[in-house]
Amino acid sequence: MKMISEFNDHDHIEGQFLLGSISKGVNANGGSYFSVELRDASGQITAKKWDATLQDEEIFVAGNVISIVGETNKYRDALQLKILSAEVVPLEEIDVDRFVKAPPVSKEELMSKFNNYVNSIKNEDCKKLLNYMIKKFDDKIYSYPAAVSIHHEYSSGLLMHSITMADIAAYLCKIYDANYDLLITGCLLHDLGKIIELEGPIVYKYSLEGKLLGHISIMVAEIRKAADELKLTSEVPLLLEHMVLSHHGQPDFGSPVMPCTKEALLLSLIDNLDSKMVVVNKAIADVEPGNFSNKLFPLDNRAFYKPKE
Amino acid sequence: MKMISEFNDHDHIEGQFLLGSISKGVNANGGSYFSVELRDASGQITAKKWDATLQDEEIFVAGNVISIVGETNKYRDALQLKILSAEVVPLEEIDVDRFVKAPPVSKEELMSKFNNYVNSIKNEDCKKLLNYMIKKFDDKIYSYPAAVSIHHEYSSGLLMHSITMADIAAYLCKIYDANYDLLITGCLLHDLGKIIELEGPIVYKYSLEGKLLGHISIMVAEIRKAADELKLTSEVPLLLEHMVLSHHGQPDFGSPVMPCTKEALLLSLIDNLDSKMVVVNKAIADVEPGNFSNKLFPLDNRAFYKPKE
Amino acid sequence: MKMISEFNDHDHIEGQFLLGSISKGVNANGGSYFSVELRDASGQITAKKWDATLQDEEIFVAGNVISIVGETNKYRDALQLKILSAEVVPLEEIDVDRFVKAPPVSKEELMSKFNNYVNSIKNEDCKKLLNYMIKKFDDKIYSYPAAVSIHHEYSSGLLMHSITMADIAAYLCKIYDANYDLLITGCLLHDLGKIIELEGPIVYKYSLEGKLLGHISIMVAEIRKAADELKLTSEVPLLLEHMVLSHHGQPDFGSPVMPCTKEALLLSLIDNLDSKMVVVNKAIADVEPGNFSNKLFPLDNRAFYKPKE
Amino acid sequence: MKMISEFNDHDHIEGQFLLGSISKGVNANGGSYFSVELRDASGQITAKKWDATLQDEEIFVAGNVISIVGETNKYRDALQLKILSAEVVPLEEIDVDRFVKAPPVSKEELMSKFNNYVNSIKNEDCKKLLNYMIKKFDDKIYSYPAAVSIHHEYSSGLLMHSITMADIAAYLCKIYDANYDLLITGCLLHDLGKIIELEGPIVYKYSLEGKLLGHISIMVAEIRKAADELKLTSEVPLLLEHMVLSHHGQPDFGSPVMPCTKEALLLSLIDNLDSKMVVVNKAIADVEPGNFSNKLFPLDNRAFYKPKE
Amino acid sequence: MKMISEFNDHDHIEGQFLLGSISKGVNANGGSYFSVELRDASGQITAKKWDATLQDEEIFVAGNVISIVGETNKYRDALQLKILSAEVVPLEEIDVDRFVKAPPVSKEELMSKFNNYVNSIKNEDCKKLLNYMIKKFDDKIYSYPAAVSIHHEYSSGLLMHSITMADIAAYLCKIYDANYDLLITGCLLHDLGKIIELEGPIVYKYSLEGKLLGHISIMVAEIRKAADELKLTSEVPLLLEHMVLSHHGQPDFGSPVMPCTKEALLLSLIDNLDSKMVVVNKAIADVEPGNFSNKLFPLDNRAFYKPKE
Amino acid sequence: MKMISEFNDHDHIEGQFLLGSISKGVNANGGSYFSVELRDASGQITAKKWDATLQDEEIFVAGNVISIVGETNKYRDALQLKILSAEVVPLEEIDVDRFVKAPPVSKEELMSKFNNYVNSIKNEDCKKLLNYMIKKFDDKIYSYPAAVSIHHEYSSGLLMHSITMADIAAYLCKIYDANYDLLITGCLLHDLGKIIELEGPIVYKYSLEGKLLGHISIMVAEIRKAADELKLTSEVPLLLEHMVLSHHGQPDFGSPVMPCTKEALLLSLIDNLDSKMVVVNKAIADVEPGNFSNKLFPLDNRAFYKPKE
């Protein structure tokens, strides 16, 4: 099956696509039609479903993956797709590989970095907790995105964020004389609750647990459960629970307790730093020098300027 | 050993007392002395330790229980105690019964009400979780105070609060058509995390876990652990975790998630109502009609007026 | 005249309807049309007014009651109404009974409960003030809604809210040893200012006084005026003015003074509790178990989950 | 009786004085004494009452006016007063003239300005309301202070504030084309509720009504009552009620409704401006050029700089 | 070239117009068209550009000045313009006089008032700084608007605001005994940074400097630079820098430092007063007595009532 | 002259000391005395000045450096100093070396790191601005503290903070692909305004400019002035002004403009990170493992826990 980037004029198209934004219009004859955005990992295209029926209302819902038969055509120099028929693809039949971009760093490299960090930990309790979680969450650690995403994101977003944080943490540990084992373990564990908070496989949305508890409370409870099962008796589990609980830095951002250890503070500061820098870098990637980005919601709705040189 | 309310002039006193507020003064000859408030369950008395030594600095600390030899005397019509010698009583030797007031309702009555509520629950998972926690926290459910308290409070404060809430919840259940089993279970469980958050036995202070996690996150994790061990598969544990997590109503008050079920909302509203009413009732108890109470910190520092009639 | 729930295909329709949401579209020929929602107490229906004229702009305004001649037809299995002619019904000609749902509890029962509460009051000044207000506001006490409402609400919303509050107050009075007469009088009077704040008869909007003063300040002044005319000399009028003034609990919610008596605090807590519970109960009434409601503006825009069981 | 500014060394003193700040000390022999600040309109002096008795505790309370017998002496070049006996002066026996400073503008001049403004009003309803209030509050309009004051302030503070505001309002009326009659009436009436909110005669404190309602709600109700008695039917009373209600500008400052007419907005802006300028002018009056004032609580705790030139 | 107010039916139109709001529609045949608002100093008119091309996307951008050929016609009794061709007018070819309304006070009068104020200053350093800025900003002082404006505003908005403030300041100087020279200089200089913050010529938008620094920081730096070049050694430049820096009154409104001198406070209060009064006066100008204005964003989204009489 | 750490019992002491906290007491005979803390770079000691005179009031002021004659003695095993005579040391006669601790990293090393960073910059305008500032502020760059400090801090605090930030920035530059020259220049320049904001030499307090403008606005103006003198025409000065202006991250913390370039955001995040980590590290330095630090004001008044291991 062709990917969107490979479409030409007058192609006959069959395949799975993700529905992005959707708008509904009215024809001259009073009937209605859908104008939608279709996506796969290679790009996106505008498509029309004319003469929308009542069933179409349930098919054309943003976030659905649909299976389509259609034809391409040119409209004002841009390629469009006319949808002839469409149906929703059941979760288990989704061809995930069509939708997930390869991350900028290969999965192998990420896994190798992750394992290196795990192996660098000397504290026994940190190590046990890490291995417990690796076993529990398994492959999802490598495949989860870092946030709710209506568009197909890189897979491994969660892992990339954790590893970048570990990279920074390893450097700052020396400057501020912090406990390496605690800090690195915190970087690797702090967001794993998202694996329960979100559910996929293509479009990640909040699960019921995610909505009622949030990934922070989920992960604190998971560490407590693990420490209990592993019969850990040191302060380490409590310190890690505190780090996870406080890593959003303040109550308004989801942390009922603010950081009260050096390592918890450092973790929250690095998390804050990386989260913001990733948003900015993504936002200005396609901005021409000398111009501003769109307004960025997670950065107080500011637009960012990309200097001329 | 005599209780404070039984002291007369020129008594020789030996016994354990709780140190309340403390101030240090300087003698005319440049030496220093302590003027302290001693307490037991029967009342309080001002006491002086003249010629304070360096060791006294470590003994006369608010919250300590000290063992004293002294003599009473009258100063301006009020009985005072002159402390001749004093030493700190180790935790395990404290005679708890000297310090804890009997609650206004007898322990037997409270326990009977508590058990009646447990028995009124029909949902199996609610029942299992309640029994798990009763077994785990055992006698502490009946003996814990409702809050950090520098002065000797009623024992059973935690239990009284939970039962008053259950009384109100049972009534409101009918008005608002809420789930009785969930709501009553929530009332009985919601604050049990305080048994880990605080540590006694006389003066209850925050434990390390209390400071780093808080009773809400602790209790959510305990329910999760219990549900796991009990192999519960219904939505009930999640709904109860959500109720506990959100019962302070908003992030600034310690709930990272706000109530999102009818029962969670009702629980948080009843908790808010009872907490405030208890503060006001206590504050105006000794106020003369036609006057204002002291300013109440938990009520935005307002003073409350007690009407003339 | 047929109610909306009685419409069939190809009916000829004449009658009064309330205009709900309105949208304007453009025809293929460049003319414009209105697509509106018509309502009466029995339900709602989508209607079209094709070839909108300039006069139609003034007729098709949300909240107007219009008199219509039209015909029903089916569009995609749903009944629609084609409006042939429409004109605005003057306030005095509105057939109120077509728009107001019977409350879930009958008016007679509500009036009987209200009178029972009035009769249960023993304090003379409370009684006089209540009777003064009953005389002044008369039938409106029984017919007013509890809030601005763009859609046809139950009549008696104001009364139902007051009586539910009195029910709860009577129960809590005993638990917290509050003054029954003050508290019940407060429940019955606290929102009567809405009779001046809002004006109807079908669609209740803010009156000029409502916008410039608000129901709280209006009612405080009305009590003061009444107490003056009735030559009351006890503290009671002042205590009731304070209860009314502070019943929204804080400045940001419209109370310039916060509750400073036990009864004022209890009134504000019960008002807060009932207001929120009513919103939630209404919002989840039609939600399928296992799903979330819409986002609720008065509850910080949260969606509420209806448990599966 | 001598005023404080007339004291010399070794004078025998008898007379009434206001108690300012008070501190209690302990003698070398263990007895206690009071060191207090005595005030009258001419100044202040430190005084000691040695060998304080239990009764003295009730006499030496800040804000009391006490009648004293004593003797002056010098201590480190400063005159002190040794109090031999003291008793509280009942309210009705206070010699008010000993405590109240003449305002910087004479009472006659203030009254004449006030009357001129009243006479300049053309609108009949404004005029009637003004005259109603003048009759009701009478001489207190001329004698009340502008705020709670623990120290003897100028009398007429309330009137001076109102007249300065009227002066500014008359000027701004022309610039912004506002309604002169409404605005000037608003300036003259807006704070009259303080006559009920505060009670004197020397030390003005909040009355019970002041605490439970506040001067804004009191005055709104008074205007409503007056308009009712005067049978006014124009919009004027409502507009004035709105102006009074909103003149603190926002909910957090005591106005449940924000200004929604041009005149209400202008009134609140002038009130804000005059209140702040008066605080600053008073605070820097005695500051040497090139220095900062104390921190000013009503101005966000800022200190103000007085330029060198 | 005809102004919009002079258009008649069936006119052939050629000329420059400012593009106001823009919406894009779809034809019955699937093509798209623009419906736009054209403006000049005399008024505004709705215009259509049918069969929109890809190039039109870049021409029909709100804020562009476009040169048009078109024809008028009537649609439902209102005059419309059918655009036959359009192109963007380069900045340097814009005929500014077509777009800028004459201010209500003539430019000559404003300049004369401005010069009078400058001449009334006696302090040498104030005078030098004023003259420096007059030379630097020159004619722009007379032509700049007071704010970002998507619609053609009066020219001289900046100057009118400064002069109104000076008028009020001169009056209040006497009442509050403030330094005339500092205060008037502050009024005249405080907003000149807007000449760098905004850029025109017709539609004033934020410049890059405006976005990255804001007019307050820009002007503080300009005064500092000027004082340096002029070798001023008195406190005057610092006092003026402080006045400019603090004139928005608080951090949330753009002043990192709050007013800490009498003149800085007065300047900020007058600025606040004039800014708000101008908004209200403009908003209610066309409102019928007895009605409310639109909601005003800079006034907390309140609607203002215009009294009946 | 002996340093405090070298004092023995019965020493005769002459020398300069910094006055830390001060309290005043009353003797048994009614006279007063000062109990003060004296400091030098080696430590601190409690000292008494008995029989305080009126002149002593002006000498014993916290922050003064005083020249003393006195004698040591032991009081309860601790060395005390009895002050026989004391006078204030004029600024120009202060022996600065007695009060300033050597920084943990040698001044030479810091200067070498600073110069290395300056030399690593390739952008010409960055380089010119840096050299301009180095020339202007000269030696103060190396000697200034990082904050107002009532106690003798390390000298070079300002420089150490800047260099640590540069160290972190150089590392993060690569991770987030930021402009090295801008970012490093920003790190080195961002706080230089403190050299004008604070004034020493021993006890650094806010200067008048510091109070009225703050170091951020001062530095923005200094860069603007420099860029003007250096006739720089690139975007670089504007970008650096923006970085300095926004480096506190939000209006409430002193930045009227929030970061809107990648480098400005990164600078503010690193500044925030380093400022907090330095506070925590200092606070827990002397805390025993398993205990909490004092409450830290700049960290929302939280106490920090130092883990047991």
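Every chain is named by a letter (A, B, C, D, E and F) in the order it is written, and numbering of its residues begins at 1.
Just so it is clear, a contact is a pair of C-beta atoms (placed from the backbone, for glycine too) under 8 Å apart; a residue touches a chain by one contact, two chains touch by 3 or more.
Values in this document were obtained by computation on a predicted structure and should not be read as measured data.
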Which chains are in contact with both chain C and chain E? A, D
Chain by chain, through touching neighbours only, how many steps does the shortest route from chain C to chain F take? 2
State the smallest step count from chain D to chain F, taking one step as a move to a touching chain. 1
If you line up contacts by residue number, which pair in A-B, D-F or C-D shares over half of them with C-E? Let me know. D-F
I want to compare two interfaces, A-F and B-D. Which one has more contacting C-beta pairs? A-F
Interface sides of chain C and chain D: same vs different residues, half threshold: same
With centres defined as the mean C-alpha position, give me the chain A-chain C separation in Å. 44
Counting only residues that touch at least two other chains, what does the list for chain D look like? 28, 208, 211-212, 239, 260-261, 292, 305
Interchain pairs in contact, sorted by label: A-B, A-C, A-E, A-F, B-C, B-D, B-F, C-D, C-E, D-E, D-F, E-F
Contacts from chain E onto chain F in the complex sit at residues 208-209, 211-214, 216-217, 220-222, 224-225, 228, 238-239, 241-242, 245, 251-252, 254-257, 260-261
Under the stated contact criterion, what part of chain D meets chain F in this complex? 25, 28, 76-77, 292, 305
Quick one: which bits of chain E touch chain A in the complex? Just the residue numbers, please. 26-29, 53-54, 208, 211-212
Quick check: in the complex, which residue numbers of chain C touch chain B? 164, 167-168, 171-172, 175-177, 179, 182, 234-235, 239, 258-262, 265-266, 269-270, 272-273, 276-277, 280-281, 284, 292, 299-300, 302-309
